[in-house]
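Dropping the structure in here first, questions after.
Going in written order, the chains are labelled A, B and C, and every chain counts its residues from 1.
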Amino acid sequence: MQSRHLIDLSDLSVAEWEEITSLACDIRENIDSYYGACRGKILATLFYEPSTRTQMSFQTAMLRLGGRIIGFDNPANSSVAKGESLKDTIRVVSGYSDIIVMRHPVAGAAKAASLYSRVPIINAGDGGHLHPTQTLTDLVTLRHEKGTFSGLCIGLCGDLKNGRTVHSLIKALAGFPGNSFVLVSTPYLQVPGYIKDFLSAAGAPWQEVDNLADAMPLLDILYMTRIQRERFASEEEYMSQRGVYVLDSAKMSMAKKDLIVLHPLPRVDEISVDVDDDPRAKYFEQTEYGLYARMALIMKMVKASDKQLCPLPTGVDIQCSNPNCITYSETYIPHIFRKKGDILVCDYCEERTLL
Amino acid sequence: MQSRHLIDLSDLSVAEWEEITSLACDIRENIDSYYGACRGKILATLFYEPSTRTQMSFQTAMLRLGGRIIGFDNPANSSVAKGESLKDTIRVVSGYSDIIVMRHPVAGAAKAASLYSRVPIINAGDGGHLHPTQTLTDLVTLRHEKGTFSGLCIGLCGDLKNGRTVHSLIKALAGFPGNSFVLVSTPYLQVPGYIKDFLSAAGAPWQEVDNLADAMPLLDILYMTRIQRERFASEEEYMSQRGVYVLDSAKMSMAKKDLIVLHPLPRVDEISVDVDDDPRAKYFEQTEYGLYARMALIMKMVKASDKQLCPLPTGVDIQCSNPNCITYSETYIPHIFRKKGDILVCDYCEERTLL
Amino acid sequence: MQSRHLIDLSDLSVAEWEEITSLACDIRENIDSYYGACRGKILATLFYEPSTRTQMSFQTAMLRLGGRIIGFDNPANSSVAKGESLKDTIRVVSGYSDIIVMRHPVAGAAKAASLYSRVPIINAGDGGHLHPTQTLTDLVTLRHEKGTFSGLCIGLCGDLKNGRTVHSLIKALAGFPGNSFVLVSTPYLQVPGYIKDFLSAAGAPWQEVDNLADAMPLLDILYMTRIQRERFASEEEYMSQRGVYVLDSAKMSMAKKDLIVLHPLPRVDEISVDVDDDPRAKYFEQTEYGLYARMALIMKMVKASDKQLCPLPTGVDIQCSNPNCITYSETYIPHIFRKKGDILVCDYCEERTLL
């Protein structure tokens, strides 16, 4: 792989993630023949904030490959509570394990951890910043259920402002020919401007609508997300709009015969239970595709890797302007940026700072 | 098996549970030869209320068969905390695993889960309602220690009102010839009327006494249970009666030479520590028999099963009269009942509702 | 082994721990060939107080040997919370497992547990009392990094009063010829008198100093420990002395070329991050040596052991004078002492009581 770690989906070349989605498909068909592929290997799941489902999905992936698992899901019980730095924890755990999956509440934590790890790190979420294996899951699901990444009309509905998996999916699919996007949300929960810019720059047609029913007939794919009551601008707005973003049988009846409905789960009430029995509902299958995607990813990353510590990059004496960046809480980390014109982009949290 | 799931002991025919107790005996003798029987299989332990001991017992059973384990014991950290329904959790986890063990605080939860699971479900307790593997454990212990299920005088002592394992054991043993029952408890903690009716209908002699010492000489088996201070009608009653239900060396000296003493554990102080060294005390061995029973059960259930979702039964528009029934908290579940004369018996929680 | 259990390092003869450190070295070189050495065996980690790092280290050791793990790290969820005695928990878990690792907040708990266990017990810490596998880790590190246990000048710095790993290491090394000791701490945090007596009796030269910089040029080994702000006699003393006990690059520049720096981790700020890149810093490697040490120990103890319960020793009617001794909280344990002149030494917590 071009990188030893998977922090962001951009760590994978298109060839690499096509290879992984293809391997995931083969695992799905022949899962038993992959038992033993990680025999004797240990996956550490370091969950600095609990997320049972995500942790269980990675654990299952490793166990189905014949590997073993260690880890924690409650930093209150760990050395962290004694004041240990991220660097020290990673140095120690990368001495115990062959691959690390990490979830952390602070933006850039996985990238920071990768500097000090002797084994590959997979980012399983860093504070709403990135969550590349969810996007990989979505792509494996599309590959299977649609057989193509091109020529699709993709609807995304719900909280499009805060959901980074939505942003990643848009970026991944905008690069394929013939895709168009319908963005369904309240004015308050629209996708950020830079995503719209990205779509326009990629030449992908897109439109914003505020009503799911209107969008239904157009779609080949409908990607639903949780939209939380507290995310509406006011209680009044919530009361007036609840139901507009709930997918139910009535709305399904307006859709194409070969629509597929996805959702990263858990859902609350944004999809009615009566949709579950519709053969176009694929969100439960999606979690299984996620398992195969993670198996493929772990296999590839464990195989590619010798235990080694890479040289630390040299930092600069500039502080990132995002106060939730990992460089604030872990002060010894070298500050590194990419320069884009007169803007510095933080290598950890992607925040843009004007010089 | 006649059912894919083990929700209640009645899911097993007598032939089946005799087969399982027999297999458990063979596992006890030849445990090493069963390592590998569940190679590559995954057991999920979903503990919606924590019970380390029960969870550890199932985990050990699966590991001794060469299988692997995933799961949670703290719903506060899980998707449940985000408002996920039982159905969704089960749909997802049954995509990850080959068999699920589940404990839940609400009556009927395991039955409800079984409707949405693609893999077999074992009920490890649903709110004091049912706990069939404890009864299986008790039966394996009897088979080993007594060599028979017939012709026994069985004493049960302590909280006979709330202890469902006691009720299940009585129902299982009442069907064998020549058994008689001595029920030792305070008036306030007596077995419910329907259990007495069951015994009478089965033609099994039974008596209620309020003094353990009086019963001791009669018994072939003494099944002790935890009796909690707060379960007495008043503090006065507790103070006047404490000691009456404590098994100690003095009481043991009145008993038969081949008595066996059982207890589902953990105990608090209802059995004195000095009884532990009496060779008739079998409660620690009992936990090991429980391990073999669970190994036998898991082996049998995993082997029998293909991953599949059964068609959902059709519900009726009647609400169960038990407010602690799972149909209240998980509202999408079809309401199903068995009709007995003019009474409806809820399929989830066994509550009887008069039409 | 001379004992089935490892409660204190003195349970191992010198020949035995040399055998274990030697095995640990071989495991380090050929780790893959040890996978399978504990196939089918189960390690239970019973952590009555959480310590994720220690637990993870033992779990990794067992998994790298091909064994399996069960256990708990949160007694609030366990049968303990229902009032179960240590004895009962150990009786049950030793029926499930092949070896137990135990951490407990009360002095003597591991020794007490060993009386009731059918499988070997490893003490992973009992209330600051003993922690023998940390000392084993330190010895394996020395063997590797120095190639000898003799002729060394050993500095120990920080909290030398409360750190039992420091005391154990001193006692283990004082027995080898040609070793001398430099004890660096505040007056308030000096090693206890009995350790100084031990050193003098063993004929090992030692000195106490209060300044780390002065000691640096003398040392072959520097063993750093966490020194907590609240451990200083007053805030003033802390403010005036902070920095005196912090190891940084400046102090490293005064040291020998072949010094090695150890630390049991986690560290807080007693070693500057800039020391990490000094090749003499061995504290991260030390955690890996700890893994090999634990693998060697588990292998040896599992192999040596049949499941059996040893006869209980006979106690005396004397109460230990240490109110934090396990005999206070677990009242059924026989009280046993070693007699030294007119002093009784408690077999559980090592407290000395004058007759």
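Side notes on the structure shown:
Throughout what follows, a contact is a pair of C-beta atoms (placed from the backbone, for glycine too) under 8 Å apart; a residue touches a chain by one contact, two chains touch by 3 or more.
On a predicted model such as this, the values are computed, not experimentally measured, just so you know.
In the CA-based superposition of chain B onto chain C, the rotation angle is 120 degrees, rounded to steps of 5.
Under half of the residue numbers found at the chain A and chain B interface occur in both copies, marking it as a different-residue contact. Mean C-alpha positions place chain A and chain B at a centre distance of 42 Å.
Chain A has no residue in contact with two or more other chains.
The touching residues of chain B, counted against chain A in their complex, run 39-40, 42, 44, 68, 70-72, 77-79, 82-85, 87-89, 91-93, 95-97, 332. Put simply, chain B touches chain C in their complex at residues 32, 35, 50-53, 56-57, 59-60, 63-64, 66, 73-74, 265-268, 273, 276, 284-285, 287-288, 291.
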